[in-house]
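Next come two complexes built around chain A: one with chain B, the other with chain C.
Showing the complex of A and B:
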């Protein structure tokens, strides 16, 4: 508990310092609970998520960093490895491939990479996975694009 | 209901065909073993009797060479240590590195050597054994731990071969988490995600607590058995021995030190002379039909004459109704026992299944219904005999134990004979136990013999019938005819006669079963020269004297009990 708190505090300070260094990620610690974080990440360019801002919620366990944080999308996203309803993410480093050397920041980076390179073979969103596996890139794109516009883009006016 | 039954009937045919094609190869491989087995029946040394801790004797055919070794926990450790030492010295690497390599190559020493000398660099890369430190640091006094991000003096940091530094506390946490996650800890790598350097037992021993070190060693030991293609755990509940198989995939029967006999190949209980595939199909079939078959396992049936329920509490299949009725019948077919024990007309038919005759003209639906009904009836016939022999064997095991621990001593007192002269009693019970096992599996075999192998089927049923009727006589004699002597006040002349009879029945039964086993292991290939009919010479004596009952090669099935 003490170790995880100390480690999270180090990450907190690092985030304050690096704010400008990675403009695609904005990590925010909950005011009253250092084990709760949210992040805003930018949809990677040349993907249907481009131009969108996606919100992630982190729940950090007491055994952190020996155990991985739980992360989910708060923003709706049409992606084969993200559960459409719950926002749950299927990503190996959040499960068995976790290493305590990862940070919340590097998890965000890994999620951005996942958005650009979906893994249709381990789908949490079957509709999306099926489109990709059937080679219907266009169909996948237009669905993903539509949801990005609907849910992840600031409304104009 | 009907459609279910029809389904199962077509599945039966399918099963039978599968077995057919598979068995051809299996049995032709087995020919050599089969002929090695008990070639001279007169040699008593053919059977090795060992006594285990529980006092249950095991009877086991001696092999030309031992094709397996039972390993206790200490033996497993010793072998593992030896392999680690040998690889470590041949490759000039640490024992921890040697362990990592061996685990990766499933503890196969020669595979490790081969891979290593073919391409050491590639092997090192795949298993994470780096040739030297990859991370070089200028020499600052302090470095940052890659997990907690605190700065530490160099002396308070430790790294795997790669050089990525982590503090002691973080190493402890990392290793504890991994060990408590399960056997994956045997493949632990450096915490740095980009690294991949192996973290071996040397690091575990530095940073894990006693409990976790112990868990790690257990996983390592388990891996030595479970990842090794030639070693398996004994499947008996609670047994911690492993069996290392060194034979040539011919005879898989092994006998653990805990007294459990099993087939090393499929880890079911020993099923010789039936092959693993038949056993697998049969067990699958049984679990699919288990709901239909529960009633068979009930141990009470109505007397076929007076309809009073009779409970089966003995091992042999010969039932006698209560004193008022006294009808003697067969537990399995409910026929009169007089048609069984002494083979009337030279034909013992209780083991045979005869489908109901299909007479007259059936329309298609009727015909299918009839087939489905027959299919279930046919399965029921074989299953009931399989299951009854299983139960009977369990009962016999208990009786054998009782004989060895209590009754032999008691009889020795009553009959004024040294216990060594009563060995014929435990011999008889051992024979019964083994024969019940063989007989049981021949019913699985019989189920998968197809109708169009008619000659084989007849020959098989003849041999099985001979063996079974011999066994029933032996079992009955050992079970019931002994009782008066156990309750007698003193020695009696009749006990000598009983001795002769039981020893004779033991020998006769043994030879019947040897014939049966041999024939099945040859896949009934002798059927051409031995037609069942010509073999059906009567052998009405269950009381052949002394050694007279020993079947010679020449007498085969029919005339093995000479007077």
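Showing the complex of A and C:
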């Protein structure tokens, strides 16, 4: 518990310093609970998520960094590796490939990379995975784009 | 459009609602673009017969796609099987409940490999080593910032950590946090309590 607090505080200070360095990630710690964080990430360019701002919720366990943080999308996203309803993310580094050398900031970067490089063979969103596996890139792109417009972009008017 | 709905077996009384929703979407959509219609509320026993991907290994998991051309707008109707939705809604609550207790199961390193780690005081390390490997990746603290008596160790891959930090990790998982170099693990056959 003490170790996780100290480490999170360290990351907090690091984030304050790096803020300018990574304009695609805005990581914020909850005012009253250092184990709760949220992040705003920019959808990577040349993907259907471009132009969207996606919100992530982090729940950091007391055993952190021996155990990975639990991360999910709060913003609706159509992506093979994200559960369409719960926002749960299927990403190896959040599971068995976790290492304490990862930070909340670098996890955000890994999620941005996943957005650009979906893994249709381990789908949490079968509809999205099936489109990609069937080679319907255009269909996947259009669906993902539609949800980016609907959920991750500021409403017009 | 109505005839497609009837062909899909959508009950008469449900059709106006669906058409109304569709109309809503069409109005907001970019002219000439693709419109995807997800009919999620409809029960879907009928879907099998429209399945385009019958040859795929898991035909049950495939959602079927019907292409409907209305003038120049291309409608693709993605139907999501009712079964999928039931599964999703029933596991939903379970997922959020288990969230708090969820732990990844790693494979710890053996007791003997942990005890066999070389332990050296910071001040007995040569200066360049500390400069090269500035901080411990587990606690993120710089070695140079701690006391000279702090114990440092290196794994066979030569990555350095605080002894207290790496022991906590190796008791959790047997791989180096930085390069995943594997130490002997309790699943390699060696007893964990030697």
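Just so we're on the same page, the second predicted complex is superposed on the first by the 156 of 157 C-alpha atoms of A that agree within 3 Å, B and C clash if a C-alpha of one lies under 4 Å from a C-alpha of the other, contacts with A are read in each partner's own complex, and residues count from 1 in each chain.
Just so we're on the same page, a residue touches a chain if its C-beta (ideal position, glycine included) is under 8 Å from a C-beta of that chain, and two chains touch if they have at least 3 such contacts.
Being a predicted model, the structure only gives us computed values, none of them experimental.
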Partners on chain A (chain B, chain C) - clash or fit: clash
First, second, both or neither for A:101, with chain B first and chain C second: both
Touched partner set for A:35, first chain B, second chain C, both or neither: neither
Contacts of A:127 with chain B and chain C, given as first, second, both or neither: second
Touching partner for A:85 - first (chain B), second (chain C), both, neither: second
Which of chain B and chain C A:93 touches, first, second, both or neither: first
Chain B versus chain C as contact partner of A:67, first or second or both or neither: both
First (chain B), second (chain C), both or neither touched by A:139: second
A:7 touches, of chain B and chain C: first, second, both or neither? both
Chain A: partner with more touched residues, chain B or chain C: C
Common ground on chain A, meaning residues reached by chain C in one complex and by chain B in the other: 3, 6-7, 10-11, 14, 63, 65-67, 96, 99-101
Contact set on chain B toward chain A in their complex: 146-150, 169-170, 173-174, 176-177, 184, 191-193
Chain A contact footprint on chain C (complex, rising order): 33-34, 36, 53, 61-63, 65, 76, 78, 80, 84, 88, 92, 95-96, 99-100, 102-106, 137-141, 168-169, 172-173, 175, 177-178, 180
Contact footprint of chain C on chain A as seen in their complex: 3, 6-7, 10-11, 14, 59, 61, 63, 65-68, 70, 84-86, 88, 95-96, 98-101, 103, 126-127, 130, 134, 138-139, 142-143, 146
Chain A residues touching chain B - in the complex, by the definition given at the top: 3, 6-7, 10-11, 14, 63, 65-67, 93, 96, 99-102
